[in-house]
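The next block holds one structure in the form of structure tokens; read it before the comments.
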Amino acid sequence: MENKTEDLGFARLDLDRAARTGIPETVFCPGKTKEQLLAIFEKFSSREISSIGTRCSREQYDFMKDRGLNLTYDSMSLVVRLRCRDNPRSLAGSVAICTGGTADMPVAEEAAQVAEFIGARVNRFYDIGVAGLHRVLSQIDSIRRNDVVICIAGMEGALVSVVAGLVKAPVIAVPVSAGYGASFSGLAPLLAMINSCAEGVSVVNIDNGFGAAVQACRILKIRDNQ
Amino acid sequence: MENKTEDLGFARLDLDRAARTGIPETVFCPGKTKEQLLAIFEKFSSREISSIGTRCSREQYDFMKDRGLNLTYDSMSLVVRLRCRDNPRSLAGSVAICTGGTADMPVAEEAAQVAEFIGARVNRFYDIGVAGLHRVLSQIDSIRRNDVVICIAGMEGALVSVVAGLVKAPVIAVPVSAGYGASFSGLAPLLAMINSCAEGVSVVNIDNGFGAAVQACRILKIRDNQ
Amino acid sequence: MENKTEDLGFARLDLDRAARTGIPETVFCPGKTKEQLLAIFEKFSSREISSIGTRCSREQYDFMKDRGLNLTYDSMSLVVRLRCRDNPRSLAGSVAICTGGTADMPVAEEAAQVAEFIGARVNRFYDIGVAGLHRVLSQIDSIRRNDVVICIAGMEGALVSVVAGLVKAPVIAVPVSAGYGASFSGLAPLLAMINSCAEGVSVVNIDNGFGAAVQACRILKIRDNQ
Amino acid sequence: MENKTEDLGFARLDLDRAARTGIPETVFCPGKTKEQLLAIFEKFSSREISSIGTRCSREQYDFMKDRGLNLTYDSMSLVVRLRCRDNPRSLAGSVAICTGGTADMPVAEEAAQVAEFIGARVNRFYDIGVAGLHRVLSQIDSIRRNDVVICIAGMEGALVSVVAGLVKAPVIAVPVSAGYGASFSGLAPLLAMINSCAEGVSVVNIDNGFGAAVQACRILKIRDNQ
Amino acid sequence: MENKTEDLGFARLDLDRAARTGIPETVFCPGKTKEQLLAIFEKFSSREISSIGTRCSREQYDFMKDRGLNLTYDSMSLVVRLRCRDNPRSLAGSVAICTGGTADMPVAEEAAQVAEFIGARVNRFYDIGVAGLHRVLSQIDSIRRNDVVICIAGMEGALVSVVAGLVKAPVIAVPVSAGYGASFSGLAPLLAMINSCAEGVSVVNIDNGFGAAVQACRILKIRDNQ
Amino acid sequence: MENKTEDLGFARLDLDRAARTGIPETVFCPGKTKEQLLAIFEKFSSREISSIGTRCSREQYDFMKDRGLNLTYDSMSLVVRLRCRDNPRSLAGSVAICTGGTADMPVAEEAAQVAEFIGARVNRFYDIGVAGLHRVLSQIDSIRRNDVVICIAGMEGALVSVVAGLVKAPVIAVPVSAGYGASFSGLAPLLAMINSCAEGVSVVNIDNGFGAAVQACRILKIRDNQ
Amino acid sequence: MENKTEDLGFARLDLDRAARTGIPETVFCPGKTKEQLLAIFEKFSSREISSIGTRCSREQYDFMKDRGLNLTYDSMSLVVRLRCRDNPRSLAGSVAICTGGTADMPVAEEAAQVAEFIGARVNRFYDIGVAGLHRVLSQIDSIRRNDVVICIAGMEGALVSVVAGLVKAPVIAVPVSAGYGASFSGLAPLLAMINSCAEGVSVVNIDNGFGAAVQACRILKIRDNQ
Amino acid sequence: MENKTEDLGFARLDLDRAARTGIPETVFCPGKTKEQLLAIFEKFSSREISSIGTRCSREQYDFMKDRGLNLTYDSMSLVVRLRCRDNPRSLAGSVAICTGGTADMPVAEEAAQVAEFIGARVNRFYDIGVAGLHRVLSQIDSIRRNDVVICIAGMEGALVSVVAGLVKAPVIAVPVSAGYGASFSGLAPLLAMINSCAEGVSVVNIDNGFGAAVQACRILKIRDNQ
């Protein structure tokens, strides 16, 4: 394996990842200092590599913005985006992103914006939790028109099982930590989704909208295989 | 409080319970020796008190049967019943018992037979899990005709939330230990049901069909209040 | 199923819920922005639908109040109430709300105010934990006069078992997260209540006074079934 | 939704599932009596619907075989297969199934045989755990030639992260309960896989080779969407 | 510290323990081979040291008995006792042993027989669980006449809190693993007892009747201090 | 049972507790408002009942102090004390309070001050954790001179087992939540202490210095029984 | 990396491991069929590679022995050993293996025999748990004469902290699953050892005597580095 | 054992530790007041004992610095160091410290600075997580040149297994709490590392860079044995 790594001292940027895995470079912002983030995005900027950061705090964003980086920021999803001249090409197919309730929106928007950044078309179906079943049933035909479905829910995550039983597409489930009591910070929907009675469900980490988006895009890309 | 207790040495039969709580005496068989069970049911028999035992092993039943008690036994639910001349009166109203799948039947039958023993009318809706949503939707009008709904499910227990969102009746949820892996012996459906996004759900112990039946009957009995 | 949904973009209000489940619309405030809450309650206000919000922060309340909504707020239970011209009709029967100690009051008041909003009569029995058994025994005759009993307790939640053994009414148990150490944020009373040795107990989520109140009102409403 | 259900009393066969989700009917054998399984497979046989049962015990298989069903059985994976005249068509593309060690083979073969039953081509890469990294590296070019990768591992499941970092395909991870001590019956690899540092991983239940196979086939089928 | 140890190769008998801690030597039988147990009790027998073994299987007992040791055995508590000419002197004071139900008897008898072996007087109050509160109230005056109270219960262990609130004596709580579902093998009563709302409760390991007895006897012995 | 309760609306003061359990009234301050605490202590003050509050915040203390109550406050243990003319009588005997390290001091001082308030003599043995075994061995003779030993430790709590193996007195163990990582807020020392290999150990809740003190005093009081 | 792998179909023997990691090949027997084990050891035998299998059942051993392999077997540790003409050279230095009690012996012997197979000198210090502290103190000088110390204990594992505080050598801790109740199959000693207050402790999996031995030998081998 | 303890009232400094365990005195700063820390370091300073404090807050450091102690402070690792005239001698050999990502740096630097303080040579290999496998492979030859390897990682900690399979040195694994969701504050990497499929791994507490460094140095010191 050739080693295409840029060593920043505190980080080794994996410049080969896009070629190797088909997904552009992204940065997980928590646990990095403002100075570290600035150095990373300046490196991408200087190389004209469009990139994205997730869970970026307002303070981290302001620090980088103030030092001249060409960034956009979404305060609901905490996604920061560096816009360069390169452009990820569009992926064929689309991703449905479904949520159980309003509190799932930050995770859903992280998923949506990451998927769009990678090149997928995204259709949003928000607040269709099964407590009011007609909400999901009225949307199911539209959901079925997508190649991959991401289901994002807290509490008991029942939306996943209902949707997965009604569509042919693979369903990526994202448990959400919002909730209280015996949710135990998302343990309840995680266990529920892993135990879904419906086939065709696989699960990513609690609140991991980013991971669901990448998985959805990897799936869309299998069409590229001849 | 008056003390109406029959002391058998190893057990103090609570002969006042029916008067105090409205529910006839029942016996939880595990952890009792065959000889202890025999002594208990002989006491009830001699006093002509109809009673019921739950989770009674075939061996426990045979031991008592062979010693002349007038018992009937159901090998799926492991419910044993002592038939005496007294008759619990019928309760007004009915209970719907719904299950997600075939593996939930032993728990469902425990619930059904206990509820029937106490005097309730029971309607069974088995194997209507949400992976095939039309199964529950095709039954929902019939389910709605009951005063209380018991929902019994393993895995992620999504049936509970779907049903509770579609009926007006109180829903008693029973998590089931059948399953594997991250079910963790019923922890997953227990947490899921406790976190149900639908209102009107309360939960009893894993596999506790008995407890759900008693709660359903206590609910039916509120009609007796003035 | 007819689809009676009002789509606010971030939320789909389930306007059919009251007709379908018998319980008026309520709003869980955490995880919603102030602007989202304002939009939701303005919608209800414009339609003259009395409604209630739970766990509403002082900041959320002030924001809505300042923008002219006709709200009342209770700082102990964090319940906010929108008063309109419609009036939920009264329910026959009453609910006893019992607590183990003073720290359970916020949860108890959430339950009480939600139940009263739905139309139930509520009788409060606060600070009657079993460490001083005479406190509960001196009240038990009054508790027995209610159709449904809600028991709210932290620590080991023993109050539930004692009360459920002394009344005929169904008991809804609410574990409370207040406590420390091996309470593990309410896991201890949740497990204790789920394992109650007394019959007639079913359990809702930790701190879920709202859910207990809805379940109690669903139970009271079974009298409406002919 | 039209209701295509065959009611056997204890089970409602979901005859619409293949049309709705694209996956033929399968049967989870544990928790069903021998008589129930026989009735289910006889129904499929009489309708000439090829089908498959998972986790079928030798005793369950022998019982059905002895009563004349045209079944084959694999004692490692515990998969039983009913062969009828219908034939699931082949899916385009292939699935790589990788395992960390020999103890993962029963789960891997369940995945392989289910995927083959649905119509996928399967390539097996067994015993390539990362403790001997050259084992996985020597196979990575062959693994890359597949459209979907299933990674099955117990212990800490590190194989998943290594593989997912080296391929473009979506990776479905299956934690395995085999192990001892702090594996806690598969909890350790489940948590590890859910937390994988590599993108493009989603996870199914512990030991759920069946679920991984279905998800892989759902992914292959997106090529059918125009 | 002087070293009074008898080295048997596989075990170092702590012959100084009685002098140091005031409690005679006892043997925990599980995990020891029959031959090891025989060697240990023969050593005690040859030195005329009365001793006791807990959780001794029938097979272990028979093996030793057949080889001529002067043992008695109780098949409910699994306590084996070696009778020698030495006699532990009697302790002043008495211990009340209370249980919630019949399934707690094996643990209770382990506690009772160990306490009696050490020299305490034991009063048994079995099957007085709080679901029938009059059972414990009718006995409370007798319980109060003891110096130490041991409370043994499974399920939610509420008996402990009720008793501890009614007596002045220190209460030793023993959670019991008997139960099912969310008892999680005694985790539920362990957490409940540790969180008891009543003062004066301390807790030993699940099913540890032995440990409760030793603690009770250590407490009785403080009267020996001048 | 006579009902000696003072109803403050939000609380029912259990004025009979001292007579019934031998321990003066104490107040757990968290979860109570400043106004509630003031009302409670004013009631005690007006009746000249010396009392004590635990885990009292500086803000709660200042509020009460400023309104004229005769209180003293210890900022390490967060114990507040109301001094009245009544005086708890002295108990015969003494309590050793041992800690593993400096971080255990707040819990230890809560235990010490509560025990002293009830009337016990307390001897402190702080920072004698087993990592430096000579620290505990050099103190062991002094520790042995006490009637009861309280051992307070975080981390793995090994101090408890070492001490309990060297003394005759009953040992009350208090796990401490201070620590990090796999301490899981005191779960690790709680489990360790419950599993202590030494006899004569019983355990109270994490950080529950108060409970250990009460239990120690209940033990000392058995000398009062004739 | 060169690929020195022998592919047996179900397993890829890592023939390069000894060269790469310094530890001869070993085989974990559970989860492998008798036929698979036979094929593996026959391959080693034909290549004259001495090797060892752990947790080998009597049935697995007999099957291989009966088919002519030159094996020895230890029924306490379940270690099977293939003796060939090659001989692992001796390692300089020695390993002390300490246990808390008799029930730890199977794990201890697994560690001892694996370490001896790799070439280390082993000194055994069994049944020196801290409940009788003089047992460990009387041996501490002998323990100190070793280069590495392995401490094996169940229950609360306090032996580890006491020993690690008294020696200079690195201590490898092995939690043991033997025990009951709140041991939770070794979770309690695992957490305790990970939280040890003594420096110089690192931990391997529950019951993993093998892993401790390998780690000890890796440590001894650092003397080979120049 | 001679007792070399300096009693500061709240702490007993273990002045014999360096002689007994070979590691200089260090101080864990959390849970100690500023005044206590000042007293401890002034004692060391007056005796000219170089020492180190871990997890020292900026506020604690400033307080001591302002009162004249000759301290240096590192704000990433939170290590404070007291420089005196004594000098720990150098240890032969070196320690490799590897991390999976940037968020592991605070723990890694704690390990590095503690190891350097004790006298070891440290080589840093940061941000070489397995998601980009070439990062670790390109460094592996350099890593192999060290006597001990410390691997520090969050998420699923796969780096540990990959490295341990490629080196001969003992590997000390440190799970990191940084992460989110099902990391459960480091539980996931802790379990993963304890279950590592690679031999030669032992584990210390979550985030315990200090403990890993001490263990590495104890290992290096075995060369001092004859």
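Things to note:
Per-chain residue numbering starts at 1, and chain names A, B, C, D, E, F, G and H are given in the order in which the chains are listed.
Here is the rule we use: a contact is a pair of C-beta atoms (placed from the backbone, for glycine too) under 8 Å apart; a residue touches a chain by one contact, two chains touch by 3 or more.
What you are looking at is a predicted structure, and each value in this text was computed from that prediction instead of being measured.
Chains touching both chain A and chain H: D. Once the centre of each chain is set as its mean CA position, chain E and chain F turn out to be 26 Å apart. Chain geometry summary: the mean Cα position of chain B and that of chain F are 44 Å apart. In chain D, 101, 131-133, 164-166, 181-182, 184, 187, 190, 194-195, 199, 205 are the positions where the chain touches two or more neighbouring chains simultaneously. Every pair of chains meeting the contact definition is listed here: A-B, A-C, A-D, A-H, B-C, B-D, B-E, C-E, C-F, D-G, D-H, E-F, E-G, F-G, F-H, G-H. Residues of chain F touching chain H in their complex: 101-103, 105, 126-128, 131-135, 137-138, 178, 180-184. The touching residues of chain D, counted against chain B in their complex, run 1-5, 9-12, 14, 16-17, 30-32, 36, 175, 177, 185-187, 190, 205-208. Looking at the complex, you find that chain G touches chain F at residues 100-101, 129-133, 153-158, 160-162, 164-166, 179, 181-184, 187-189, 191-199.
Residues of chain F that touch chain E in their complex: 20-23, 93, 147-148, 164-170, 172, 190, 194-195, 199-205, 211-212, 214-215, 218-223, 225.
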